[in-house]
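Per-chain residue numbering starts at 1, and chain names A, B, C, D and E are given in the order in which the chains are listed.
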Amino acid sequence: MEHTVKVANPIKPKQYKSAIKPVWCPGCGHYAVLNAITKALAQLALANEQVALLSGIGCSSRVPAYTSVYGFHGIHGRALALASGLKAARPELTVLVAGGDGDGLSIGGNHFIHACRRNMDMTYIIMDNEVYGMTKGQASPTTAPDWTKSKLTPHGTGLRPFQPAALALAAGASFIARGFSGDPNGLARMLVAAIEHKGFSVVQALSPCPTFRPEHMDWKHQIRAFEHDSTGDAILAAQRIQADDGQSTGIIYQRELPVWQPITRNSGSIDQFEQEFCV
Amino acid sequence: MPSTQRQDLSIAITGSGGAGVVSAGTLLLDMAAELGHYGLMRKAYGPQIRGGESAALLRLSTRPVHCMDDGFDLLLALDWQNTDRFAAEIPLSADSLIIADPAAGEIPAAISQSGAQIEPLPLKALAGETEGGRANMVALGLLARWLGFDHSAAQALIGAAYAGKGETIVSNSLASFERGFDTVLKHPPAQVLSTGGSAAPRWQLSGNEGCGLGALRGGVRFAAAYPITPASEMLEWLAPRLEQLGGSLLQAEDELASINMVIGASYGGVPAMTATSGPGLALMLEGFGLAIASETPVVVVNVMRGGPSTGIPTKSEQTDLNIALYGMHGDAPHLVLAALDTADCVFCTEWAVRLSEALQAAAIVLSDQGLAQSRALIDQPERRALQIPPRSLATDDGPYLRYALTEDGVSPMAIPGLENGMYTADGLEHAQSGKPSSAAADHSAQLDKRQRKLENHDYGADWAETSGGGDTAIITWGSSTGAAREARQRLAEAGHEVRLISMRLLLPASVEAMNKALEGVGRIVVVEQSHSQQFYHYLRAYYDLDVAIEVLARPGPLPITPGEIVNRILQQG
Amino acid sequence: MNLQNPIEDMETFLAYAITLEEEAADRYDELADTLETHNNPDVAKAFRTLASFGRKHCDEIIALAADRSLPNIAPWDFGWEDLEAPETAGLDAVHYLMNTAHALDIAMSNEMRAHDFYQRISQQTSNPEVRALAAECALEEKEHLEQLKTWAERCPDSAEDWRFDPDPAHMPE
Amino acid sequence: MPSTQRQDLSIAITGSGGAGVVSAGTLLLDMAAELGHYGLMRKAYGPQIRGGESAALLRLSTRPVHCMDDGFDLLLALDWQNTDRFAAEIPLSADSLIIADPAAGEIPAAISQSGAQIEPLPLKALAGETEGGRANMVALGLLARWLGFDHSAAQALIGAAYAGKGETIVSNSLASFERGFDTVLKHPPAQVLSTGGSAAPRWQLSGNEGCGLGALRGGVRFAAAYPITPASEMLEWLAPRLEQLGGSLLQAEDELASINMVIGASYGGVPAMTATSGPGLALMLEGFGLAIASETPVVVVNVMRGGPSTGIPTKSEQTDLNIALYGMHGDAPHLVLAALDTADCVFCTEWAVRLSEALQAAAIVLSDQGLAQSRALIDQPERRALQIPPRSLATDDGPYLRYALTEDGVSPMAIPGLENGMYTADGLEHAQSGKPSSAAADHSAQLDKRQRKLENHDYGADWAETSGGGDTAIITWGSSTGAAREARQRLAEAGHEVRLISMRLLLPASVEAMNKALEGVGRIVVVEQSHSQQFYHYLRAYYDLDVAIEVLARPGPLPITPGEIVNRILQQG
Amino acid sequence: MEHTVKVANPIKPKQYKSAIKPVWCPGCGHYAVLNAITKALAQLALANEQVALLSGIGCSSRVPAYTSVYGFHGIHGRALALASGLKAARPELTVLVAGGDGDGLSIGGNHFIHACRRNMDMTYIIMDNEVYGMTKGQASPTTAPDWTKSKLTPHGTGLRPFQPAALALAAGASFIARGFSGDPNGLARMLVAAIEHKGFSVVQALSPCPTFRPEHMDWKHQIRAFEHDSTGDAILAAQRIQADDGQSTGIIYQRELPVWQPITRNSGSIDQFEQEFCV
């Protein structure tokens, strides 16, 4: 996709960063996700004041304050609800939501599946580090069953991890992609496609937590692109997600599906409603 | 049974589902409306969704009424199936009259032990006399005649009510109505309601509709909600109307979502609300706290029902006061208001929305099942111009501090779209800019500010409705007001002046105003519908009530009645 | 280098060079910020210095481009060999306890990659103008590398257990 | 800086993450432990997960201590990076001493303006003198010497602490420690702590561990929870230990799940608990109400942090009192207890579990970040045999009524597996059998019963800790107790006797006991760590405090100190 | 599967019914689900006191009180959490959970997906009438987008309905079936298989609400059996669920997957833990 920006003064990603410096650990994958977001916004040349980035609670969820768009650092697990209300009330805004695997898939799981089903036109970035970083390293729903480093689950969770893509697909999302913080440009490109997609787009951004999952620093040697291009066929997408180990990146599924936005019109008045009460 | 010239009549129509008692009751209320009367209709149900025993409980009057009376003048029973389940809700006395079909079997002991007079009437048989006849319409005819209602007006109402149901149903209904109208009761008719009709414009509405209207008047243009008894009708009333005003209502997946959706919309600059009941309110508290900390205006209308837990969803109680006042973690100043009657549902909700917008505050409006689901026939509520500024919006000059420490505590708010207003709203404690901070100085400055903006606002005289005089004061709140007003009036008519203070604004507390209202008072009787005396404890916590306090507190499901209050006052007054 | 075709026009080359230098400088600043935030002032200062070097170099190239109309290339449309531009330090390469020697190691490998990149362009292109400028850039990167080496010699090696932090992590929310 | 013979010393060690200040602090506490001393260590952090500025705030004493002192005697700074962020938490005076490395640059104004004496010391250089040297260990050596701690005991402790980290780290650490130990400060050493050690058995633990232990002692064998600061360590302590006692801990998907899981387990007959903090408690309220209505015993330990909303998660505040007391919809009698100090975390939680089981009640135990995350060196808590019966279980005779109206309000409970005990627990109001009922009689009978069982129980003397005498009373609760105790003692030592009433049991209210405790009191000073005076309002609501009341209330994050209270008492006392 | 009960005195389903008569509307599908549950319990000859049936809030959720096993009528949407706590603490009990489509898929959606993932050994019956019956007929997550009878959604929801089976599969359930109240014996047979299955079994029981969705009384003419037998292949199952209109009944998916139950042992004592605190 070609974007037309004035070459002499192309919009810089920096324009979307705030003066607040991240408190993330040096080496944290979330830095690259932040960069990918600002790069995507720059590429789309969106006016800062027309963009809102909302989040929950977690290391990842700190991201809004680091940008210079409108932000909302809400409560744990509820960012998608916050965003749905904003989008319903202000459909012209570009609405982005970001947060962690714990925020989005554990406490926020219900809003996640319902947002997928509702298919409002917004973009959700799950910054997945397979751990609760903020609370010092407990297992999240994407953590492998045999990870025993958390004292809360000393034998590992023993549970098969969620595949966010599989859940999103089953719940009805119309755009599903998996990116990697180690490839911020690829992630930015994916975000551009997600934002341009009409409907609810889910981008799972694998983003290692060097502090509590240092072994994930190896991801950069493991993660590779999907062999296939994106499909609009849900069954095919389901197959590919199932067959994959969760470490292939790319746009997995994209389909035009009815986008939901509340119906509204200016056809009544309060006086008229009051008339109905008159006896 | 009174003979004639009653100003006020309470009638219960009972029967099992399908018998059409609610429909008959509604039509009776409509007829009273036509004649310029006032009235109130409550419904009582069994636990079944369909086919359960139900009762239409009416009070009709030539004067405005805002509560049920102490007892019923007339019980008309279409049958006795399970009627004893709500016998306690239909207090009868030797002065009452029971009209019942002998074919329906014996009158249950719970009813007959009242000693009420009984007039047997073969309702079913009368209905059977016409094709597709309906006993409820026979009853309606009977009551219309007995109340002195106009025949043709009644016919028109029936026609209109069943218009959508097809010709046959209309004509069958009318025929049954005639049968009833032609039947003359042995007991003398209550003529009085045929006279003294008011010419003033009147409304017929429920409290739920009232709150919905108040919200729209206040400027609400977005709602998100999850259905729950007894708040659902408010949402159902709002959904199409919000749409017509260029707004919308979003049915959320749960209450956690609805409160957060509402915060999101309000953050976007659109005044927003949700409505729920106890269990839903419990789920909204974390989000409500976020609205407080992030200073995003939101309004939650909470329609109280019997508690705790799932409790008694279809009955009224004033027991969500505690959770509304104190249910948030941390120091969380917010607004709590309570609607005093059906008309006040309109005003109180509008006021709440306006205050919430002006003060960037989170507000809870307390209504209850009794108010919300009763249909009232009232004087058209006045429309007052509220002197409350709109939400203070940021402008595009200079560096923007979302949580600036202003004198009145209200910091101009930037709405997405404003060019230089970008900020991040936060539920973490923050500096003026919104940047998270755990510094003692920032915490205390922001706590002060959030409290100051609420406490420094001048709420004027609307904090309570006050009336009467003398050195005894009744203090009550919310829907117990109706009974308290009537008690005060009865006492006054009996030459016993008492004061009534009915609180509409509960948080922030109006300490000075209360002191003034209580000047010269030597005895206080607190009236509330709660087992644990939530309101009484609240009063003690915030107000200086240095005189003898008595508490008339009891739980639902039975409503507090005027007589109960009168008795209490007279006991030692 | 997975550029299918060699860079044949000056505008494209300049767009590449500017992006390469700019991203490198931005990244050093970003790393300086993060180490400042994490109370590692020595390394923060080193990154800050590296950023200023990069910015200076970038300005020189921008000056060369002054009168030209450069193509607008999306970040992902550059044919970098790696996932990011060759002189850009990896965001994952840093640690809050790292020392200046580590920072310089990172910087040196960046300079090396940048040098290789320019050298390859200059070898592949048939445009003499591009060849000359790319070669010049490659040379400059080489010079930077030498400067960094001298700097690195002044920095003590880190202990083997430099990552050891006897304290537990914080738990802010 | 004091010269010698101090009984009590407060020391802050600050530095950025990686410098090892917490580790040094912990070792210092361990050393004090070896010598028979008492102490307390708090931590303060910046917002970073790793590498952020941090402080180990210690108080060491020859006598038991339960709060931080008014100021610090010594600040040892390894560096000054961002130290001003928590300068307010380290009050210094002209009597204090600052030890700092001149290489770390200038002392920030926020620190130096205290007027404290300064002793420059090249910590880094000293550390640099040995291979892999560590400034924190130099500091530790310095302090150990200065405090008169035993050299070889210290060495052993260091060896043990780093044993898992490998040989090199141990030997490097020891070498640095030596460097520090060999360094003689210009300022005279504080010898006193080398003497007067207690021989009584002592424990070192955090409040979180204390609550965990109390829960196990009380019989808890199941926990479900979702991690949250500052409660997570309690869960992490419990998880492996529950497992070893034949129970388990389940990490839930959210707090809505955890409270309901806990109810499910308890319904199954296994005493169960969860732990959380404000935002999580808010999410648990609906479930908590279900426990109340269904009379399923559960315990929620809520570790308070700064509020409202996400607030200040890493700092302490006593502001979840309101939500704990009143956060449920409906009339919902339950237990609220608060731990007074670290040892009391054990007792209070055990008591809560026992009460909850015996009374089939839902209980909230309030702890706070200050208690929960501080490490305390205390006398081994006594183990009291609580005279509280276990859960009353149904037996297999006769028809079973789950919610039978018993005299004491406790109805024997059938546990799945009991042959003839099958019933359905319900959050709907119910008859004695458990069958849903909306009858007024059932509602009021069950409301009475649920209140009666709590109010009729004899809680004995444990409702509060009382001490002292005189006509001025300090009333406080929870963790403010430490400071209040010390204030009382200081006043007493100065010949000024005051009473201290520290409330452990908040709901149900102990009105009579309070009246007795207040006999003869003419002035009350309420002490709490809350901006909106939640405790004060609670006291007004429930107790008859007919005398002059003053309130010393302020929010976190700074802890209430003894000096503050002393000043307040002396102001007008 | 063959069950050995004494033929002379077979256990009657009635033995699992309580004296409380349902308040459900006559004609309501929930009656048949209740019957299927009692039949399944009789068939399995389970001792009443060893069975627990837990629910949330809704017409459907009233079911426990109508049985004579241990019951818990909890709060809206939380039945699966309640049950997970009970099962974790009392693994020897047979734990059943029942509730509506609103209870389980709207407010209870998060516990649903997490229960699927956790795969504890219990059986979850979703009594799906595609409506909120109890609160007088609002759209649920399984309601068709164009159903306009609710005043809350006067234009219909406009949202694609959830397929509970698809969600369950994506979330990790190990047994997924769809039954129909119109075939109570078939449903009972399915429930027997579900209860016998080791792991989390989901049975979606289509159960019409004649009061608010009278059109669903037609289901009896529309619903038919799946063409295929159950599969243990998730991809195949996903295909079949996708290809189906949601009206085919049968066991869709069944697979042996690790069943989760907390690890527990008696290897420590409180005294021992206290020792750790001694200095």
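Everything below uses one rule, namely that a residue touches a chain if its C-beta (ideal position, glycine included) is under 8 Å from a C-beta of that chain, and two chains touch if they have at least 3 such contacts.
Just so it is clear, the model here is predicted, and its values are computed rather than measured.
Contact with chain C and chain E alike is made by A, D. Centroid distances from chain B, each centroid being the mean of CA atoms, peak for C. Each chain gets one centre point, the mean of its Cα atoms, and the points for chain A and chain B are 42 Å apart. Averaged C-alpha coordinates put the centre of chain B at 38 Å from the centre of chain E.
Inter-chain centre distance (chain B to chain C, centres taken as mean C-alpha positions): 68 Å.
Among the residues of chain E, those touching two or more other chains are numbered 73, 75, 77, 106-107, 109-110, 114, 141, 263. Chain contacts: chain C has residues 37-38, 40, 96, 168-173 touching two or more partner chains.
Under the contact definition stated at the top, the residues of chain B that touch 2 or more other chains are 47, 243, 249, 253-254, 256, 279, 286, 289-290, 294, 309-310, 426-428, 436.
Pairs of chains that satisfy the touch definition comprise A-B, A-C, A-D, A-E, B-D, B-E, C-D, D-E.
Every residue of chain E that touches chain B in the complex is listed here, in rising order: 23-26, 57, 59, 73, 75-77, 106-107, 109, 132-136, 138-139, 141, 150-154, 157, 211. For chain E in complex with chain A, the residues that touch the partner chain are 106-110, 113-114, 117-119, 141, 145, 155, 158-160, 162-163, 166-167, 169-172, 234-235, 238-239, 242-243, 257-258, 260, 263. The residues of chain D lying in touch with chain E in their complex are 30, 33-34, 201-205, 209, 213, 216-217, 221-222, 224, 241-250, 252-254, 256-258, 260-270, 272, 286-287, 289-290, 294, 377, 380, 414, 416-428, 434-436. Interface residues of chain D facing chain A in the complex, by the touch rule stated above, are 46-52, 225-229, 232, 235-237, 239-240, 243, 249, 251, 253-255, 279, 309-310.
Only residues 18, 20, 47-50, 52, 54, 64-65, 68-75, 77-78, 81-90, 93, 110-111, 114, 262-270, 273-274, 277-279 of chain E touch chain D when the two sit together in their complex.
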